Each structure stands twice: as structure tokens, then as C-alpha cells.
Amino acid sequence: MTRFEPKNPDYRAIATDTFDRQRAMQTLGISIARLEPGEVDLAMPYSADFTQQNGFVHAGVITAGLDNACGIAAFTLMPAGSDILTVEFKTNLLAPAKGERFVFRAVVVKPGRTLTVCEGRAYAVQDGVETLVATMTGTLMALPRRE
Amino acid sequence: MTRFEPKNPDYRAIATDTFDRQRAMQTLGISIARLEPGEVDLAMPYSADFTQQNGFVHAGVITAGLDNACGIAAFTLMPAGSDILTVEFKTNLLAPAKGERFVFRAVVVKPGRTLTVCEGRAYAVQDGVETLVATMTGTLMALPRRE
Amino acid sequence: MTRFEPKNPDYRAIATDTFDRQRAMQTLGISIARLEPGEVDLAMPYSADFTQQNGFVHAGVITAGLDNACGIAAFTLMPAGSDILTVEFKTNLLAPAKGERFVFRAVVVKPGRTLTVCEGRAYAVQDGVETLVATMTGTLMALPRRE
Amino acid sequence: MTRFEPKNPDYRAIATDTFDRQRAMQTLGISIARLEPGEVDLAMPYSADFTQQNGFVHAGVITAGLDNACGIAAFTLMPAGSDILTVEFKTNLLAPAKGERFVFRAVVVKPGRTLTVCEGRAYAVQDGVETLVATMTGTLMALPRRE
């Protein structure tokens, strides 16, 4: 049950390829867990390398996951030949990012020719229980891809 | 010439210690370049490990630097015995994060007993020229430190 | 089916009274359409008095409705003797605010002792059809009521 | 001393005309106090008609002033034949909006062909003393004007 119709039939390959070319995602250990038109889940294991002073995952790292989930969700709906950039985002931190692993879920709220607005939610998973730790609203922009 | 009067005479040692206990900052290569009451500059060299698909530094990493600059700036004005957490932040990405190194500058706009609002600016530095690449407005909260 | 348990059994009377003491809401013609613990709908008729240059309702007026919906939704979950203030909010404008009337729906995402985070959505209604025109994420703060 | 070079030599007449066609600004009593390329000050007298439950000016009304200041500031730098819309904004409320009158100051942080980012500050003025009551960061979009 998909709410959005992708303009690019190769959206899955293109979105996955764009994700894979992001060295930051590999360094942070973030991978695509689910990819549908306008909807993306990313997953990240806990790593002590990315913690703040109390041992929780740093808000910037949570934001990197949310931003990327929003970006890939928006990108699935953009036409062939597009590049994407983040215009802005807003993150609310709701609970300590404390867990064995983390899930970043994003959905497109409003697709557009130039601008697309997405919402993301970050969950910490501990012993199979998910806790909402952060929300994001982000604006993404489609650009013609530079060759 | 300092605009703010710190409540904690040990603000410098405490803020530096809190920064140093953040593993994420070490992993990202971020260090304190300047620290005054209510004002902080952080520095980060370029690393290909933290790039997005076009080779620029990932927006989440820029946000991690800005968030930490805002947090430390706010923390310098909090009373002894405080811990700090980020409530929320908003980032606008203004230009590609392309440079040899990056500077994150934050200032307190409004200190408060519970909530402190900061503004941060991220600059890319290339051949000695600084380019503004992102802005942040963030809200930080003082909490009694857990022993 | 209510997701939240109000701490104040008089939440409905108190929230309604707080709303009614806001002259701005009367001037803008905004009223409470639905009130549940942690959930509020407000309604506003179109008025040419509050339009921008193209005859659509001004983004600031849409924001006033969203902010109030978020505030009242948060307020229903606060303990007796609380006053409430808005810490910050973020609004994305998704479509022209063009309609006969407008609905502002807010839900609490995370209630807290001090801070509560809400999400709101503004809809324009024309010929019985609702169009999403704006979203808000907002942070509200509980304060002891001043006598 | 102007930081920005307007693309449209008639920027002053066009920006003023766009402002004047906003009925909401007249209803709220907001007027242009200063207009330079990329910089605008708006002024608003206190009115009990736009207050919240404690008699302070409603956050939505403060936001309307800030949004308009940002919009007009951005608009002064757009080419002839442009219309403007607000993409999103973020407001932090720093102090009660309590004063005889209010000033909304906006400056362009980053002008762009499509998107322009502005920062605004709202001040309450009482007995000649200005108090910062709110900040805004906003993204504005240039569109070809519809005839």
C-alpha cells in the first residue's frame, strides 16, 4: 500500500546508489532497512564512538540519521536526473538516545517539483522495545544532477 | 570584553571536561578553539569519512559541530552542578560544506535558569577564506547533574 | 480512545478558560472545535482582514492558530496550578491558505514535567475538502501559575 | 552602507506595494519603519486585541511581524517580476511580548536565486527601552509573479 507514485521507475536503484556513495553513512554504520516511494527506514547499531558525555548517542549523529532518512524518502519521488540537497531541518530531542540500535523512519509529507517536506522519527531499540527519541521536520530540494 | 558573567567560576574547566568526555567529538576530530563565557568556537579538519554523495561534509556532521558549540556556549553560563541537554535545534544549510577545515561558532542569545537559547554558525575554510555554510538556533536545558 | 491520562481532572474547564482569556483568539475568530487530553482541534473562518498580498490567509495567522492548538493540547496534560508558555515552534508552509475555513489540529508527541512537545497541522477547507496547508512542531513549558 | 546590491532598481516601490497589499498587516497595525536592500524594520503598536491570556502580545502575532519582516527583506533582493512565498520559519520566544510598541528587524543571511534565508528579531519597546522578545530564522522562495 503505497501513497506516492514515483516519477522515476529506477527510484530504488538510484536512491540506494546515492545512499551508498555517502561515506558518512558507512562510517556511522547506517544502512537502509526499508525503502518505499516516499518512505524510508534506516538502521544504526549503537557505537561508543559516537556518544556524548553520558554515553548516549550524540544528537548530531541522531540528526545525521534522520536527515538521511528524510533525504532518501524525498529522493525516491524526484524525477530521473535529479540531485538532492537539504535546505533545512529541525530536530526535537525527546529522550536520551540509549539503546542497542536505532531506527530512523521518514515519510514525505508534501512532495514538490522543487521542494519536498519530510518528517522523520528516531527510535532507540533496547530488548526489542522501541522508544521515540527524536523528531525531525526537513525541507529537501531537487536540483538537476551535475555531470 | 565579555558580555556574560559566568555563575560558575570553574566554567572553563567544567565545560572543557564535558566536551572531552564526548567520544563523538574525538571521533569527528572536533576540538575547542576558543572558549569564553557564552561564546565558543570549535574546529574540525575535513575528513572523507564524514562526507555525503558529492564529497562535501554531511549535514548531520555539520549539525553535530553546531549543536556542540551551542551546548558548550550555554554550559559556560550554567551554575555549578549542572548537566546539560539539547532540547531542540534548527539548522539551515546555506552552501556546500566544502573546505580544508570547518569552524563552528556559537553565542548565547538568551541565558536562562532552565532554558538557554544559542545561535551558531558553521564556516568552511579553504585557502584562508571562510564561507558561511550553515546556521543553527538551539535550545539547551540545565539539569541537576546526576552523580 | 484516549492516549493520555490528564493529571488535572478539571483539565477541560481550565484549558477552555485559558483559551477564552486570549483576546487574540476572539479577534482572529478562532474557537475550540474538539478538546481531548493531549489533542485539540481549533476552527477559524476565512476573513479578508487577515490575508497576505494574494488573498490567502497570512502565514502568521496560520501560525497563531497552530501555536494555540499546540498550547492547549499541551495544557490539558499539565498539573493543576500550571501556567503555560511557548518556548519555540517551527512552521512549514505547504500550500496556499485558501479556503472558507481552517482547522488547526494538534497532538502531544511527548508530555513532560517541564517541557511538552506537540505537533500541529493546519488544513484549509473548501467545499468540504480539506487540504493540508502547514505543519508545526512546538515546545511548550509548564510554569507555576502566577496569582 | 549597504551589504547587498538589489537586482531590481524599483525594489523599494515593489516591496512597499507588496507590503501594502497585505490586509493582515493593516489589521495588525504593522507598518514599514525602515527599508534597505536586504534589511527591513517593521513597527507595531500594542493592541489588547492581539493578546494572549496574560495580556502579552500573542506569539502568533509576533511571528506574523517577524515573517513579514523576513519576507520583505528577502523580496528587496529578488529580480523584477518575482512573487515571494514563505517556505518555513522557526521562532524562539525569549521573553514576554510586553511593551507599548514592537519592532521587527530582519536581515538577509543568504540571498539565492530560488531560496533566501533571513533572520529576524522582535523587540518590545517600553519607556524607550528595547527588549529582545523573539528570534526567527526563515526561508523564503522567489516565484515568477502570476499575472
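Per-chain residue numbering starts at 1, and chain names A, B, C and D are given in the order in which the chains are listed.
One rule holds for everything that comes next: contacts are C-beta pairs under 8 Å (C-beta built on N, C-alpha and C of every residue); 3 or more make two chains touch, one makes a residue touch a chain.
Note that the coordinates shown come from a computational prediction; the quantities given were computed from them, not determined experimentally.
Participant: Contact counts by the stated rule: is the higher one at B-C or A-B?
Facilitator: Of B-C and A-B, more C-beta pairs in contact link A-B.
Participant: Let me have the rounded angstrom distance from the C-alpha centre of subunit A over to the C-alpha centre of subunit B, please.
Facilitator: Computed value for the inter-centroid distance: 23 Å.
Participant: Just the number, please: Cα centre separation of subunit B and subunit D in whole Å.
Facilitator: 28
Participant: Give, as an integer number of Å, the spacing between the C-alpha centres of subunit C and subunit B.
Facilitator: Subunit B and subunit C have C-alpha centres separated by 33 Å.
Participant: Going by the touch rule set out above, which residues of subunit B reach two or more other chains?
Facilitator: Correct list: 87-88, 90, 92, 117, 139.
Participant: Can you tell me, using the touch rule above, whether these chains form a line, ring, star, complete graph or other shape?
Facilitator: Graph shape, chains as nodes and touching pairs as edges: complete.
Participant: So in the complex, which bits of subunit D are touching subunit B?
Facilitator: 90, 92, 94-95, 109-110, 117, 119, 132, 135, 137, 139
Participant: Note which residues of subunit B are touching subunit A in the complex, please.
Facilitator: It is residues 18, 21-24, 27, 48-54, 57-61, 63-68, 83, 85-93, 146 of subunit B that touch subunit A.
Participant: Residues of subunit D touching subunit A in their complex?
Facilitator: Subunit D reaches subunit A through residues 87-88, 90, 114-115, 139, 141.
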